[in-house]
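Each of the next two complexes has chain A plus one other chain: chain B in the first, chain C in the second.
Then we have the complex of A and B:
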């Protein structure tokens, strides 16, 4: 009976579904951007500098790629709760809390992959950059800029992880109807209501969305590569 | 330079996202920690638009098990708690985290089981039914999540003089999830499960499940509402929260609850004292 439910919702341009899709994209794209801004320079810095305990730092960065979303959710929840250290602004159970949780979840993924990418690139550029006497900060910038097309793929890896997770946003967002309900939490809710067909339909919508974001990124990359000459 | 641009863009995006999504939060709104049964049954979807139309207040529902909902209130992350486990609610008030507890409405629990009735149960006596399940070792799904329904289930086992939760026999399966998930699981494994009637009626994946026991007085399920104590948590929106509680207990709120029906069946029965008095007067 609900087999066509999801399809109906999409075709009729259902406003609730539209709002949920919009919030999903807003939260996950913001989190990806935030994580990229922190993670990419961090990864590049680790790749290009030598410091004591660097090996341990790399192992930790790589290990944090496997951070369980539910643990991230719990930690962010405890921090943002009114009884927690960052509770006073009342961010818990808002989309902002969801952005923070997802950014924490994927920043290590972006940082770890960037570290590997920049380190490999450094092997190619080492002689040139050393000869030009480029300072450490400028090296980070130069290599990140040179790796920008590959960094898009790294950003997409983070985006995919954030878009797919349900554990963290459920805990810190509270799955509030019309306010913090996103695609994954809606799917979990409909499953628990026994609306399995509708849940599958929404799942297909989510997968399609993730595909669309990837397609757009691919198109932009192709275009940019052509025009970058 | 490019990096600085990126940082600027990111800051703007997060700021914009925050503004876009919290603009509404600046309006009049409260957070209510409630249970999966009230949410999954669709009750809030029915009564909240009526409340909003009357007062302009947005009610944000977080649906959790009763134990977790009370904890959310205890941490100060909700303004109002609306749950169904009287002893836990009274402790919450006694500990100073809630201002006062009011009865709102009731429904009842039903024992759900496979239509094939593996333990041979059919009827009204819940205690006899649990004894039969225990004796036959029929699969039984327990919420196992400290929810109101879980607490009620443990009380019923106690009334039967049995304690499978401690002995943990293989047929007794604690899943630690919400009501809907427990029904899905029971359906998939042909198990018995205790459910609130509201969630059961609105549940869409009944499959081979049916009501095995209903109508026992011990299956009574009372819901209560409590304002989180502003003295403990100054962030509590006490006027708006109290406004919601007053409305739920008023003749208007009570009739809104009474009028919520699925397939002609009334899901919740209002029994707030104030409304009773008004009706009597």
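Then we have the complex of A and C:
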């Protein structure tokens, strides 16, 4: 019966449900964008530069891919709380804090995967770009551009991770009804309250959204590879 | 068919006006990777003039020598000088690899990239001139990675020429091409050479060497065994190794 109730909520365009979906998308897409803007150039730079401690940096970057969301939530909570180093704007328990937490969670994933991708591509391009006397900054730009189709997949990996996590947004968002409640935190809460219809409905929407985003990205990649090589 | 004299003009102007990269002098060049010696005691001087063709069996060090001359590798010992200087003038050299890497963008954008990397504005007329020179103008908007092997090789040649080099290194430029593509690439090479650009190329194709070479550098086992005008190399090889190579017998 809960399943029927869930479908009913979705099909009737339940306002609460769709407000939660909208906020979830806003938070996770923003976080993915932010993490990509920081993580991709960072990963490419690590791939292309040699510096003391580089091996340790790579191991750390790879290790950070497995950061537990609750720990990220806790760290961002401490940083953003009133007495914390970034407490003055008072953004704790707002969607902005959730965006930051998810971005911190997935930036290492995006950076580490980009580092590996760009390093492999560099092995292929090194002689050609060196012979063309392409400068260090232009190399980063060129390799990121030529890896763009694979970077979409990396972005999706980050998006998937952010969309699925619950611990970080729960801690820094506070799961405030109508303000910072997203799909995953609502599912956790409503399940514990026994309101399974809303939980199942959101679960279905969450899975569908992730599938849809992946399908769109796949289509874009297919199209682009045909048209851009 | 574009007018080759007009196309070669830009290259010729630069080649004629330029000084400073020739002769290229290799003195006591050793190159080793770990314990493996790839080049040993190479002494060689390359002067302005017709194409210099590097010949020799696989593993004789031809590609390594080209990469050293291009500055992509650093010799383990010895020195390479360009008209007496330890560095070649900026953008004086260009190279085309045996398997060139096509950037993931259109043919025209590949050329524009090479022009910009060479510090030159990628004007439509420059792109057009290079497309014509390489006989790939109709493919301008195609993704470069979708081209055939021969077309990719010609695009790589156009990219190298975008640098308006004084010296152009070609590493087995037609190794995997069919006869008609090979012919086309050879025509472009001859045209570029005629415009005053020094060509230094490696090849396994004896016929190609006979058609293009002004002089031959014959290598075996990481050493320069012979350096002769093409006619005398083919008619009267001075060494037993070269004679056996020309006879199709393996030299190790």
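General observations
Operating definition for what follows: the second predicted complex is superposed on the first by the 222 of 229 C-alpha atoms of A that agree within 3 Å, B and C clash if a C-alpha of one lies under 4 Å from a C-alpha of the other, contacts with A are read in each partner's own complex, and residues count from 1 in each chain.
The criterion applied here is as follows: contacts are C-beta pairs under 8 Å (C-beta built on N, C-alpha and C of every residue); 3 or more make two chains touch, one makes a residue touch a chain.
For clarity, every value in this text was computed on a predicted model and none was experimentally measured.
In the overlay built on the shared chain, the residue A:99 is in contact with chain B alone; chain C does not reach it.
Shared-chain residue A:209: touches no atom of chain B or chain C.
Contacts of A:200 after superposition on the shared chain: neither chain B nor chain C is touched. By the touch criterion defined above, A:25 lies against neither chain B nor chain C after alignment on the C-alpha atoms of chain A.
Among chain B and chain C, the chain that touches a larger number of residues in chain A is B. Once the two complexes are overlaid on the shared chain, A:217 sits clear of chain B and of chain C alike.
In the superposition on chain A, contact of A:142 is made with chain C only, not with chain B. Once the two complexes are laid over each other on the shared chain, residue contacts for A:90 go to chain B alone; chain C is not touched.
The intersection of chain A residues touching chain B with those touching chain C, taken from the two complexes, comprises 145. On the chain A side of its complex with chain C, the touching residues are 124-125, 127-134, 138, 142, 145-146, 148-149, 227-229.
Those residues of chain B that touch chain A in the complex are listed here as 1-3, 6-7, 9-11, 13-14, 17-18, 20-22, 24-25, 31, 36, 40, 44-45, 60-63, 75-77, 177-181, 183-184, 202-206, 233, 235. Taken together, the chain A residues at the contact with chain B in this complex read 1-2, 23, 26-27, 29-30, 33-34, 36-37, 41, 81-83, 87-88, 90, 92-96, 99, 141, 144-145, 174-177, 179, 189, 191-196. By the touch rule above, chain C contacts chain A in their complex via residues 67, 70-72, 90-91, 93-95, 97, 100-106, 113-114, 117-118, 143-146, 159, 163.
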